[in-house]
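Data block below; observations after.
Residue numbering begins at 1 within each chain, and the chains themselves are lettered A, B and C in the order written.
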Amino acid sequence: MNKLRYAGVLTAAALALAGCGGEKVGADEPAASGAKDCGTFNLAVNPWVGYEANAAVVGYVASKDLGCTVVKKNLKEEISWQGFGTGEVDAVLENWGHEDLKKKYIEDQKVAVETGSTGVKGVIGWYVPPWMAAKYPDITDWKNLNKYAAQFKTSESGGKGQLLDGDPSYVTNDEALVKNLSLNYKVVQSGSETALIQAFRDAEKNKKPLLAYFYEPQWFFNELKLVKIDLPPYKSGCDVDPAKVACDYPPYDLDKVVSKKFADSGSPAYDLVKNFQWTNEDQNAVARMIAVDKLTPDAAAEKWVKDNQSKVDTWLGKK
Amino acid sequence: MASITGSVEFEVRRPRRSVIIGILLVVWVAAYFLLRGIDTLVLGGQETTAFHRWLTDHRDDVGQGNAVFDAIRVGVDHFVVLLQNVLAQPSYGRPVPVIGWLGVVALAAYLAWAFGSWKVALLTAAGLGFVGLQGLWQESMDTLSLTIAAVLLSLLVAIPLGIWAGLSNRAFRVATLVLDLMQTLPTFVYLAPLTLFFAIGPAAATIATVIYAAPPAVRLTAHAIRSVPLESVEAARSLGSTRGQTLTKVLLPMSRSTVVVGINQTIMAALSMVTVAALIDAPGLGQTVLTALQTLDVGVAFNAGLAIVVIAIVLDRVTTAAGDRPWRTASVRRKVLLGAGAVGVLVAIWFSRTYVWAAEFPDTVNLGSRIAVIATDVTNWVQDTFGGFTYGVRDAVTNGLLNPLEALLTGSPWWLVAAVVVALAAVLGGWRGAVPAAVCSGLLVATGVWHDSMITLASTLLATVVVVVVGLALGVWAGRKHRVDTWIRPVLDAGQTMPPFVYLVPFLALFGSSRFTAIAAAVVYAVPVTTKIVADGIKAVPVATVEAANSVGSSSWQVISKVQLPVARRAITLAVNQGLIYVLAMVVVGGLVGAGALGYDVAAGFAQSELYGKGLAAGLAIVLLGVLLDRITQAAARTRKFNGTVRGDKL
Amino acid sequence: MTAQLEYPGVQDDNALLSIHGLWKVFGPKAQRVPRRPELASLDRAALYSQTGCTAAVRDLSFDVAPGEVFVVMGLSGSGKSTLVRCLTRLIEPTAGTLIFEGEDLRAADEKRLRALRRSKFSMVFQHFGLLPHRKVIDNVSYGLEIRGESKPDRRRRAQEVIDLVGLAGNENLYPEQLSGGMQQRVGLARALANDPDVLLFDEPFSALDPLIRREMQTEVVRLHREVGKTMVFITHDLSEALKLGDRILLMRDGAAVQFGTGDELVGAPADDYVREFVRDVQRADVLTLRWIVREPRPEEPLDGPELGPDVLVREATRLVLESDRPVKVVSNGTLLGVIGDEEILAVVAPPHKKPV
């Protein structure tokens, strides 16, 4: 019967606690969002920090200045676009090209519309860690790559130099480039952004050679200034036939896409998205706060908005 | 009689078989040097076949706007949201969930006590308290809600299917095939299409989890039904039981403990899907892991991963205790205690609804950030200390084993590889091995990703061999020594449920992005299940058998190799099969750390819409590899022993 | 312990259970084996290699009389367990007829078969076949429960049989808490609970240790006396068969080798197999004077003591050896013959029996 007694004691103790109580749970205050006619704003958040910076600032402004109920949904790109059709996603805030998705959802299904550039310029290319660029200054010219091929050899590259490719999310021309530029390299799939970043960290720290596909803007540049290899310059149309590409990647004008429904809804959030534009530096600043300083997206956004109120005012059409 | 003919066959066949296999391999290697590079069916990273494009074009054809899918989605959605409202999210106009942390802890501990024992009740309270102290209470409750929903739905489907497969031999065969498919088809292949049927969010995430998590429950329910002693069933029938009576009064009650093992496995599988499901906006700890990994923040990711592991261990121990509970009905004293406990729980729930301190987990002790810092430090230390050495190991294994094997598989003409595989299957398993091998090889060619399949096959073979060797060693050890078993289990549970994404970062640091890294990840993931099955098999060897072996003066090694392993053969066959399936389940994750090939194809198909068809084909290729390897090993295992009387359908 | 049962008169026309031409063949297309004489006559190995089939029961015919203890004996693999399962179609026979109380069992549908199993037959199993999740009393009342009897009724009836088999006081224990012998008592009680006409025993005591086994055998004898059920008893133990069986069917490879009372098997083995089988039996315990009686020799005095023909040799030994004259065997006033010391000694201490 010992246990019985314990149970009794516990219950008594619990009841005693009831006496001292503490702060009581209050009823929810009526939501502020009802005040203005914004309603719910469904924001897709694709899985990279640059995007998260965009989403942080836009979401912060939308909820603070427009009274929207911002719902952020963590989704891969393609799934975000699917959400345009079902009405579950209102806006995608940083789109890297994706001509195929544009064709499918904007031209064919007509469920999405473009709302212009974010002002951020995307660059894709081949990079080496800073120590290599410092030690072998001529490596940044693609013509010298074969000279260094032996250094880039790994267990994965079958006797050739290794060109580490990236995240499966990105379209690459690297296999064609290696072939068409007669480079003695083999494209090896690293498989993820994580793998690429880790590879660069390791390469810089242990002074290992590494040649890899990468892109800007990227929060990682705050940690390590990777050096881009100069491939034969991009000329309009030089990448039309994927099999014959022998030139650098085009610069990307990162843009915004919203669902047709959202565009037609007259929501003030739509105008915000349409007007939203900033620079690589702006995005990097916010991305840095999130990735390196470990601020929450909201806190990072708040900080940036305080320092850049004039930009925000432009987006809100206050000027 | 049966056993005599069996062993005679065995004695005569064995040497011949190994000679034939040897000759086959020598011929293959010779032919490889002659025919190298012909008909290797290489397909570049961005290249696709007509079949792939056809799949891409028809991706959206299935099930859009289907009323059935909508109904399922709405139902599941309501269910998950209900659970979230109760446990996790502010709901019903209140700033807190229906039941606050104190109520949840009390309720969970009470249930653990009522169905298990007071020990697991303590563990439950401690575990939940720990995740609260980690600063992850709400995320954990979201994950728990999703897990509970997915597990309950899985069981709703799995138990009836398992019963059916347990009762009918034909259903059993069909089920085995479908379950293999469900477990090996990479989640990434159906994650995107699922969101088309079931929209983005908890419903789709739950359903994806169900697809992945239901198979173990089906398998083990079927297994449980099939292993109820025939005499008990006959006794029931001889007294005039109807089929329904035999099922409800004999088969199901007697299957209970094995079914619970199935439920257990389902819970583990569901928790291992948490991070993947986060890619389609499943709430909870998975989000924390993924967000942390965008910035390679191993510490924070580990903290969240640890919470998943803790939840997994709690759920595992509670279900195990529930399954082991003896048949007794509660004594009066226990009934009184249970009643008193129930009152206590109600009081706790009332508190958690009334007072803030009992509703929201206090965040004064931020254990999570400390864990994160420690995890980061440890990771860095390991990287710095072992970095150079690990690269050496990687290069040795890759150059010494993996590259030659891969060269042989990828460099030979496809028809040569297919011929060797079919011949091998025929030697090992007769026509029962050869026919599936031929069909699978043919289908692999049809998928258009033959070359990538061969690269993946090479890594898979190597990984499976390592998994089996390590799993056997650990399993035998744990099976023979109870103490080893008790302290090895939490580690195994962690290996199985810690999201691979968490340890991939340190692995990448140690081994770079390479096929070896992928193999290492697969081994970490697959060894636990193999070890557990082997250990259970060894433990199930009758004590008398082991004593008999000891009594004639066998050494430990002789007892293991001549008695325990052969007697536990069925368990070991199952362990190999599950090890293989788990390795294949990690192919896609392997693709994320440099394995390339099929894993990369699947991941790329998930991310790039024009590669969807290729991704799907690659996913199917993974399944085909699984079926191929499984059938060959099963066939080989089957001819080794002579089947006695084949047991008929149970009812 | 030589409790012998009375031999009831057995007449085929009032048989309770009548089996004719019964076959059970396992394997692919089993039906063809009994139908085609060239297959039916094959021995076990030849049959398996030609058809992949195994005949567990081959062309058996016999009748079981009401109230009789009918023993089927054979070594493991002889098909006896399959046979007993065929009797209630727990295993579906391949060919042959099963007549129970004039009803063709093989024609019975599922429902009728269930009804018969619920009231007419019960079975006791080698490994007891108890339900581990039920208490003793719930195991015993299982058969009553599934035929829909009310809880008080089945409790009452279960308590009766529990008392009958000597399990009183253990009602609320679980099977795993009982010893093997006690567990089999539960099995026995369960079989008796629904008051069947025929009790089928499938090697019920072979998993028990010898002392318990003997005790349980006596228990069965007692029950048979008390409740008078017809019993079909499967065993591989000859002494058990001799102790319990009114008539014994000896099986080998699914077929009948010999069929008769215990003393017939011992006294007149049908072939070498049976002879070898019964070799180690204490013949004096089984054979009656009927088996060793001889014509009196002309010079022999016929004024010795008298004994009936059904007296066991063992029981007559002392009297015969002590008497200086041959003992007369007399049945209903008729002299069947005489027995002298040498006849007794031939049974009690056979000269050809090699030391083991």
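To be clear about the criterion, contacts are C-beta pairs under 8 Å (C-beta built on N, C-alpha and C of every residue); 3 or more make two chains touch, one makes a residue touch a chain.
Which protein is which chain? UniProt says A = Glycine/betaine ABC transporter substrate-binding protein; B = ABC transporter permease subunit; C = ATP-binding cassette domain-containing protein.
In this text, all values refer to a predicted model and were calculated from it rather than measured experimentally.
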Path length in steps (a step moves to a chain that is touched) from chain A to chain C: 2
Contact-richer chain pair [B-C vs A-B]: A-B
Interchain centroid distance [CA atoms averaged], chain A/chain C, Å: 83
Averaged-CA centre spacing for the pair chain C and chain B, given as whole angstrom: 53
Length of the line joining the C-alpha centres of chain A and chain B, rounded to whole Å: 31
Where chain B touches two or more other chains, by residue: none
Touch list for chain C against partner chain B, complex: 26, 44, 54, 77, 85, 88, 90, 113-119, 121-123, 125-134, 142-143, 145-147, 174, 187, 190, 194, 200
Touching residues on chain B, where the partner in the complex is chain A: 44-46, 90, 93-96, 100, 192, 195-196, 199-201, 278-281, 287, 290-291, 293-297, 333, 336-337, 340-341, 343-344, 347-348, 351, 353-359, 387-388, 394-395, 398-399, 403, 501, 504-505, 508-509, 512-516, 590-596, 599-600, 603-604, 606-610
Residues of chain B touching chain C in the complex: 1, 229, 231-242, 245, 249-250, 253-254, 256, 326-328, 645
Residues on chain A engaged by chain B in the complex (per definition of touch): 1, 3-4, 7-8, 10-11, 14-15, 17-18, 21-28, 47-49, 52, 73-79, 82-83, 86, 88-89, 100-101, 104, 154-156, 158, 164-165, 167-175, 187-199, 201-202, 206, 219, 242, 290-292, 294
